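Order as written gives the chain letters A, B and C; numbering starts at 1 within each chain.
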Amino acid sequence: MVDEVADDMAEETNTPDVQEESLFEAPPMGEQERMVEAILFASAEPVTVKELNARMPHGADAAEALVHLRKRYEGRGVRVVKVGDAYAIRTAPDLGFLMQKEQVETRKLSRAAIETLAIIAYHQPVTRAEIEEIRGVSVSRGTVDQLLDMEWIRFGRRKMTPGRPVTFVVTQQFLDQFGLESARDLPGLKELRAAGLLDNRLPPGTLPTSPEDEDLAEETNEGQSELFED
Amino acid sequence: MTDDFIEQAKREAVADRLAAEALIIDVDGFEGPLDLLLTLSRTQKVDLRKISILQLARQYLAFVEKAKELRIELAADYLVMAAWLAFLKSRLLLPPDPEEEGPSGEELAAHLAFQLERLQAMRNAAAQLMARDRLGRDFFARGIPEDVTKTKIVTYTATLLDLMQGYARLKTKDEFRPFVMDRDSVYTLEEALDRMRNLIGFAGTWTDILSYLPEGWEADPKRRRSATAATFAASLQLAKEGKVHLRQDGTFGRIELRQKENDHG
Amino acid sequence: MVDEVADDMAEETNTPDVQEESLFEAPPMGEQERMVEAILFASAEPVTVKELNARMPHGADAAEALVHLRKRYEGRGVRVVKVGDAYAIRTAPDLGFLMQKEQVETRKLSRAAIETLAIIAYHQPVTRAEIEEIRGVSVSRGTVDQLLDMEWIRFGRRKMTPGRPVTFVVTQQFLDQFGLESARDLPGLKELRAAGLLDNRLPPGTLPTSPEDEDLAEETNEGQSELFED
């Protein structure tokens, strides 16, 4: 008797799954492409694949639809761009001359701010001390605050070095602003790496190599490689 | 040859001085000593990798000298750099002392060259970055973004406790409650031990352990049970400590207690 | 209005020679289409043909470019629509449902629903009449619907009694939700009592039992056995 009830339930467990599959079949890829198109067009901000999938019907594959959509917009007046792990539609850069009306007056960044931004982008994750070492001058609070305020940089993970200093990394807004798919696409990055100019080389003698320093170097490399693996 | 060399050194010195004078006017515009060094290095008109650090050190020191002459106060970090460059200069000029520890002049010079090259590279990178097509300047986001309405999906939850509580409520008149120890009605072993240690002095003869129940704990069954259990456990503890003897006539019979000193009495 | 514009454009298409004669050669129509696309996309307001022409290079024909663009977007996720005498890009109406973001809010199940659910769990398969008998009040349709909707209960076999009423049983989802292997794992009243989860009263036997208690115990057994008998 008891078993019967249990069997009954077990049976039930199997049936709804089967039904679910057939009931909620994913829409055809053409439809999915339209959906991604509509969502991306509607948003001024980049939309992640995860969010696309969440908003599209069950079983849809936003990533695949995106591949088709990107292709469709190749050479058009607007195009699908990748921004970090998100996607957005942006006008083709060669048509910028038509958009005087839309151009927004961007805050003029100081030379210090621009340099600091570049150092963060190319060396991320990077500590304030490392930025100062590269620039040979202390980083004013205002410079970092401005970049944080513009949401072009944010705090990254703390370094596993004594004092566990905070690090800075660039944001999705930064990538969007400069039309970069990822921090790996920064101009000249490969060359800078090859030339060893992104190494965290410590001044000779001042900091004799201790195991701690090796950790630091390793950590830095980790950060760099992480940047490229992403 | 020698004359030529001296002549050239003189000419260089003059050039340095002129350069320094020009730079001093602009001193506020420098972002620290490294920035100044980078600017000075441009007068060498060579690849930063082939730069003469010695010459650069001379230029920098000349600059600082000139600033002193003109009574321009330089920030401390410029003077620290000057002192360091003077030290570096002497290291580079003197033959290396095998006794001396630490990095050689060449190593220090190489690092300075690296720093300059790295700073220049970052400046170039920054310029490249700023020259890129920019959002809101060269390419644009959607001008009329559509509002995404946020729909609330309400999901309901209940816990197993809720369920059992609901069922118990229906099937009994009891109120179901999560299990909480009722401290008011618990008589602890410690309390019982305290009480009995004080009282056993008077227990010269066999006494029912139930007579040790605290006052006010006999009436309510729940309190009585707790006090009985604690008193029983305390009696066992006292027996273990060798303070009392216990006896019981038979199963479910009364448990009696007697102080040990009176054993032989 | 739209047709009028289209006619207008058709006319324009037939006279390209006139325009080519002008000093500045107009960009190819494909380029003009790109331009209209970018302007409509980036503009914060619908754009009139006049304004499009004003912003596009000399000799361009925005109206014609619009015809091509509208055609291109037919059946896509977004489309070119006419708003008054201006044009804008808008989401295809059938995809409006995508412009929603779901926010999940969790609420506690109502007392009525919990009780109904509990009865079904303890007494399954159970008819509505039986639920009402145990609860002492009528079971609202909404409550049952909610539980069915949540997929915590489902219809079981019909009872072999007059009228062959439908019964309710709990589902696998229900068991998963409450971490039960089967409905039999639900503790009975006796066990609830023994575990101290029911107020004050002790399991019968340890203390003098009141008649009421005995009644209850019996009832509990009945309930449980009912569960197992089926």
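Keep in mind that, in the parts below, a residue touches a chain if its C-beta (ideal position, glycine included) is under 8 Å from a C-beta of that chain, and two chains touch if they have at least 3 such contacts.
As the structure is a computational prediction, the values presented were derived from the model and not from experiment.
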Distance-to-centre winner among chains (Cα means, whole assembly as reference): A
Chain whose average C-alpha position is farthest from chain C's own: B
Chain centre separation in whole Å, for chain C relative to chain A (CA means): 30
Inter-chain centre distance, chain B versus chain C - centres from mean C-alpha coordinates, in Å: 43
For chain A paired with chain B, centre-to-centre distance based on mean C-alpha positions, whole Å: 26
Chain A residues counted as touching two or more neighbouring chains: 41-42, 89, 91-92, 99, 102
Shared interface positions of chain B, touching two or more other chains: 140-143, 146, 148
Interfacial residue positions of chain C with respect to chain A in the complex: 33-39, 41-44, 55-56, 75-78, 89, 91-92, 95, 98-102, 124, 151, 154, 156, 169, 171-172, 175, 182-184, 228-230
Interface residues, chain A side, partner chain B - complex: 41-45, 88-93, 96, 99, 102-104, 106, 111-112, 114-115, 117-119, 121-122, 134-138, 176-180, 186-188, 192, 195, 197, 201, 203-205
Touching residues (chain side chain B, partner chain C) in the complex: 140-144, 146-160, 162-179, 221-222
Of all residues in chain B, those that touch chain A in their complex: 31-35, 37, 77, 102-103, 107-108, 110-111, 114-115, 117-119, 121-126, 128-130, 132-143, 145-146, 148
